[in-house]
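What follows is subunit A paired twice: with subunit B in the first complex and subunit C in the second.
For the complex of A and B:
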């Protein structure tokens, strides 16, 4: 975690550079889709945002489990920081997905299993962030949020499998399970998608490092305030 | 609206939100650093006062 915080400049520059390349590949270099036309280019934003959101929630799970095990507040800081980024990225996934759905499906929103479970995911972790603001004592806050962070993760496999378990308008996995009958991606589309996935992952790690730095400073500030109250 | 219009909305939404979050985060980090530093300094000052007088007292000494 300390490495991420120390390498902020390198990560920031790499994220910025790879996002610029990703934008060029997604908007100019890759071809339009046969059925969706240029609207397909939206997926170069939609897929990386949900991938990084999943990554964020996985880190919430890891941080929560490690906090309950080790009782070290650094794991709580990891979980809280990752959750904030996860909520932002899930909100972007829903918003961008909606912008894509209008020209392709003809509606901004439909109560499809994938969309509904993703909206529930957003609400769960927005609630998690609210919970973190309620408890004043850092130890009880960490314990309560760790429990919610672990339970909340149950929704991730449900979101991912929803397109396979229920009849869904949302397309099934194209890359992870190509044998499901989806037409394979054009190699140029694959390159554009993977470069954008890489760019968003680096961007996520950079933002996480900055958010962890903030969490550490806030904890130090609270400690100094307590110490000052004791002295006075 | 053409497909490119929807593409423009989606990319602006993502890049705009991420950029706004990054700027906000940088400001929050800078503010938290300043506040922590100021509090730390004030705490050190009070600790020195306690060490010197044995107690901290805001009341001025009697004439």
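For the complex of A and C:
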């Protein structure tokens, strides 16, 4: 954790460089899709954002469990910082996916299981962030949000399975799904996707490091203010 | 006197139920609230009997859940008066007993409301209930337990917060989506006579109950410790 806070410059430059390469590979170098044409290029952003969002929620779980175990506020800072990025990335995934769905499926939104799960995920962690803004002091905030962070993560697979059954029982698929699994992906598309996955992951780690630094400063400020209030 | 975990949980449960029964005002308010929700949603959907019957399961559970949110808010709001919760924490050796008692207490309140609202709905929407009662009872208990598993934990987390009235539903509703889906689907299959499809959703409810009651028992001590 300290390492990613210290290596801001390295991570930032790597993220910037690999994002530029990823954008070139995704937008210019890789071929358009046979069926979808250029709309398919949204994939190069859509998949990396949801992957990093899940990574973020996993880190919220890690931070929450470690806080309850060790009672060290640095784990709460990890959980809170990761949750902010997770909510941002989930919102991006939903927005970008919506833009993709319009030309390909003909609608902005559909109650597809994965879309529905992602939307619920967004609300669960938006609630988590709301809780963090309302707590009285850092210790109780850490405790309360750790529990909500753990419960939220346990809930993801259950939400996903129930939404899957909700949509699939007695209902034939009404929309065309992008069959990425069936037709083998063009090797150039694979390369572009993996470079973008790498770029977004580095960008995520960079942003997380910056947010952690900020969280540390916020905490120091609060301690100073509290100390002054006590002296007066 | 050394008391066991079960007797402590029972004491908390009994206390909560007795408070509700003695102060009836709140129980009555929740009942009327759930009934009003049912009416308002029927207005929103229009008077077409066929459409109301297909939506009945969803409307019913929305009414239960809204009443349940009130029940959990109230269950902990009472504890903040005169620092009652501090006393409760001092008495219990194992805090998970408080969780179990709180869970069952609010669940009992919800089940009471469900028992009154269900026949009311059957009359309003002209649904034949008699053959479905055992199945609906099972779904009602499982759904209510799942909802309460989260409510008893999150209620304790939010009870001291500003804006808890907004925050509790905001935190609870997304997490309990599987309960809402499971209970609505199972109820709807029971009411429309598609018995073969009920099993899957009962399993979803049971799985949710087991996972989150266990999680609640394990996490409650951290949730209420200071």
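Following the convention adopted for this analysis, the second predicted complex is superposed on the first by the 205 of 232 C-alpha atoms of A that agree within 3 Å, B and C clash if a C-alpha of one lies under 4 Å from a C-alpha of the other, contacts with A are read in each partner's own complex, and residues count from 1 in each chain.
What we mean here is this: a residue touches a chain if its C-beta (ideal position, glycine included) is under 8 Å from a C-beta of that chain, and two chains touch if they have at least 3 such contacts.
Just so it is clear, the model here is predicted, and its values are computed rather than measured.
Of the two partner chains, subunit C is the only one that A:143 touches; subunit B does not reach it.
In the superposition on chain A, A:192 makes contact with neither subunit B nor subunit C. When the two structures are aligned on the shared chain, A:220 is found in touch with subunit B, with no touch to subunit C. Legend: residue contacts after superposition of the two complexes on their common chain; A:152 is shown touching subunit C, with no touch to subunit B. When the two complexes are overlaid on their common chain A, residue A:103 makes contact with subunit B while staying clear of subunit C.
Note: no residue of subunit A belongs to the subunit B contact set and to the subunit C contact set alike, using the contact criterion stated above. Listing the residues of subunit A that touch subunit C in their complex gives 68, 120, 123-124, 127-128, 130-131, 134-136, 140, 143-144, 146-148, 150-152, 154-155, 158-159, 161-163, 165-166, 169-170.
The touching residues of subunit C, counted against subunit A in their complex, run 150, 153-154, 157-158, 160-163, 167, 170-171, 173-175, 177-178, 181-182, 185, 197, 200-201, 204, 207-208, 211-212, 215, 219, 222-223, 225-226. If you check the complex, the residues on subunit A that touch subunit B are 19, 23, 27, 36-39, 41-42, 45-46, 49, 88, 91-92, 95-96, 99-100, 102-103, 203, 207, 210-211, 213-214, 217-218, 220-221, 224-225, 227-228, 231-232. If you check the complex, the residues on subunit B that touch subunit A are 1, 3-4, 6-7, 9-11, 13-15, 17-18, 21-22, 25-26, 28-29, 32-33, 35-36, 39-40, 42-43, 46-47, 50, 56.
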